[in-house]
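A, B, C and D are the chain letters, set down in written order, and residue numbers restart from 1 in every chain.
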Amino acid sequence: MKQITRTPIVILNFKTYLESTGARAMKLAKVSEEVADETGMNIAVSPQQADIWRIAEEVNIPVLAQHVDPVDAGGHTGSVLLEAVKEAGASGTLINHSEQRMKLADIDAVVKKTVKAGMASVVCTNNVETSAAAATLKPDFVAIEPPQLIGSGIPVSKAEPEVVEGTVDVIHGIDPDVKVLCGAGISTGEDMKAALDLGADGVLLASGIILADDPKKALLDLVSRI
Amino acid sequence: MKQITRTPIVILNFKTYLESTGARAMKLAKVSEEVADETGMNIAVSPQQADIWRIAEEVNIPVLAQHVDPVDAGGHTGSVLLEAVKEAGASGTLINHSEQRMKLADIDAVVKKTVKAGMASVVCTNNVETSAAAATLKPDFVAIEPPQLIGSGIPVSKAEPEVVEGTVDVIHGIDPDVKVLCGAGISTGEDMKAALDLGADGVLLASGIILADDPKKALLDLVSRI
Amino acid sequence: MKQITRTPIVILNFKTYLESTGARAMKLAKVSEEVADETGMNIAVSPQQADIWRIAEEVNIPVLAQHVDPVDAGGHTGSVLLEAVKEAGASGTLINHSEQRMKLADIDAVVKKTVKAGMASVVCTNNVETSAAAATLKPDFVAIEPPQLIGSGIPVSKAEPEVVEGTVDVIHGIDPDVKVLCGAGISTGEDMKAALDLGADGVLLASGIILADDPKKALLDLVSRI
Amino acid sequence: MKQITRTPIVILNFKTYLESTGARAMKLAKVSEEVADETGMNIAVSPQQADIWRIAEEVNIPVLAQHVDPVDAGGHTGSVLLEAVKEAGASGTLINHSEQRMKLADIDAVVKKTVKAGMASVVCTNNVETSAAAATLKPDFVAIEPPQLIGSGIPVSKAEPEVVEGTVDVIHGIDPDVKVLCGAGISTGEDMKAALDLGADGVLLASGIILADDPKKALLDLVSRI
């Protein structure tokens, strides 16, 4: 199990695209590993639960779950147990992604459980206010993704730079140890550079790379300006 | 990928017990395969999503998912995509388990998607009325589990035989092709025999085997009277 | 409390439009009562919870809740208790509306509770299959609303007459006592006549009347062909 | 519509007890008003949606909703629209009660909408961490209720005074304008005095008063030490 140890970091969310399921998820993870090796960039991948084991077996970059449920071991048929994704090879998890919003009390419980398990916690948020709220829970990362920009191809770092700066400021005002990721609409090297220039510690992205004609080329471009 | 091809069938739900997670899930799957081989009984296992791939690689008995979400491929971070569990090696799925109840429209959508994918659909229900409702959706199996008996050690086939008989009658009245499983409280060979005598085509069970001191012995006992 | 006693019936769902909230809900209920009185047509209204009491006090037509939660009296802050809407004056409730989908086990529980309370139960469904499933639960009405037609202005009775006929057939095959309503896209007298000609016992509608320039005129037109 | 204008405040959550539904809700609201008049104490009541209108018509103390949904006016059958409870007479609302937990993004949206409507927002939380998170969203009140003490009769102010003090400190560190309420297990004058002594601005309670043999006597005792 490979940990996230440095920033800046690129986290690639595989979502539930067919282009990033099963054998194609494995291929995308290997491409991500190649780009990490070739460029020295930190890249983590976040595949579906069913693909974590085989990917974590094969690649030497961090693998994150896309979600874990706020349950402890026991009778919870169909739930995603943190212990299971950890044993499968995940070294962290996304939490409260815009496509998997969670209750406040559950975000708190999962962040605590993730930290206790020695895993990385990445809490996704939709604006400056909820980013501040998330920061009080002391996750490793808060990833700000204005919902109107997700999948838009318009990078938040360009469309709403004040949201990124405001988020960085407010989060560091609450807890300077919480790192900030920029999501939503990021796809090019220019977008990523702009995010880091605004104070972000990395990016969280999906369709811009996964649905690209040539994901390796897209990833190489993404990290080319750092 | 091994299909469910005959009845009577034993489906072993691994839930999210630590005793059936990761390496211990694998061990339990192998024990299930041994008992299937030694006795000729049909046994399927339903591990957590994260364990499907490694188990399906190693054993030659049917592997079912515990749940799939009512989504198609796309942007659904954290959801369980049917295509993903199928590619991981699942040949069917539980649907609407009492610990993962679903909306009626979603049960319908997932049954249709499962059938279309050539996978086995096992819809769980809580009483005679909802069993009838489930049967109209034409799944392969309806598994009746009165909630008050789940994990109780009291078998539905003994505590409420009229529920099992009533369910079998009403389901076959609606669609004779839908098979009936008995869940909740089943753990011994006597329980399973009683279920089949009442007209059931098999059993769905969990803690009675998984938390047994000796799961292999418990499974051997379960199928000893058939 | 006025009961639904005859069919054909028009049920007007007030949803959460501002045009049908508070004082405007009251006005719309009075208009509905006027049209019922003038034409002899059975018209019921389904306002928001907060408006049930004042409307039921003032009009002499049936008032239905839009939803009740599957809970019994007790500690359930924020839930909609059937006993509360009944005491406020509701003589029935919509169940499982497409904007408030429920779990199968909960639909069953709420239908039973509604029947036991002597109130009318109207279960909404999205296709022929889920209509059959709903019919097995023995509600008073099943209201079929193909989701793609809701709010479209295209009546299901015209766009998909086979869905209405198929639903009527399959429901009556399961239980001839269950009445069938046609929803989604209904707004004119022609639409309503087509629905009844296809075997429906009435219509469930919302925006076509509520958002009309002149709701009374729209309601009068709706019932003009019966 | 009567506003909350001063602290200390007592907020009486009617939940969905039969003892506080319909006519009995009205009686309890009148008792609350009497005690407020006789003692000069600020008392607000939070009845079910269906009872807001009739209670707000009859009593001259603040009436709060128990919950509002994160929706704007439109097609949301069965949802609780803020505009509807406001027009019915509510001057504020509970948000994220332990029996009606909400997603973080939705708490943020509802707090903003409540503030914009000139209504009081009372966000319920389960521990110090989520209280801090809630405070960043700038509601009028945060009500801390450790879930293990709800309905226990054991007051949080006695069982876990450090939770109350810690919550007051952390909330005022984030925003000194956010007021703190103490919930869970409060029922006597001694409990309430202890809560205020620990820095709370009031209490949120339910069963201790509502299920008391003599609710008026219980309320009089509650406020007797202030």
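FYI, a residue touches a chain if its C-beta (ideal position, glycine included) is under 8 Å from a C-beta of that chain, and two chains touch if they have at least 3 such contacts.
Please read these numbers as outputs of a predicted model, since none were measured by experiment.
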Please give the intersection of the contact partners of subunit A with those of subunit B.
none
Steps in the shortest chain-to-chain touch route ending at subunit D and beginning at subunit B:
2
Chain located farthest away, centre of subunit D as origin (C-alpha):
B
As a quick test, compute the distance in whole Å between the mean CA positions of subunit B and subunit C.
37
Centroid spacing, where centroids are CA-atom means, of subunit C and subunit D in whole angstrom:
34
The distance between the C-alpha centres of subunit A and subunit C, rounded to whole Å, is 44
Which residues belonging to subunit C are in contact with no fewer than two other chains?
98
Have a look at which chains touch which and call the overall pattern line, ring, star, complete or other.
ring
In their complex, what parts of subunit A are in touch with subunit B?
13, 15-18, 21-23, 48-54, 66-67, 71, 73-81, 83-85, 87-88, 94, 97-100, 150-151, 206-207
Can you name the residues of subunit B that touch subunit C in the complex?
96, 98, 101-108, 112, 125-127, 129-130, 132-134, 136-138, 174
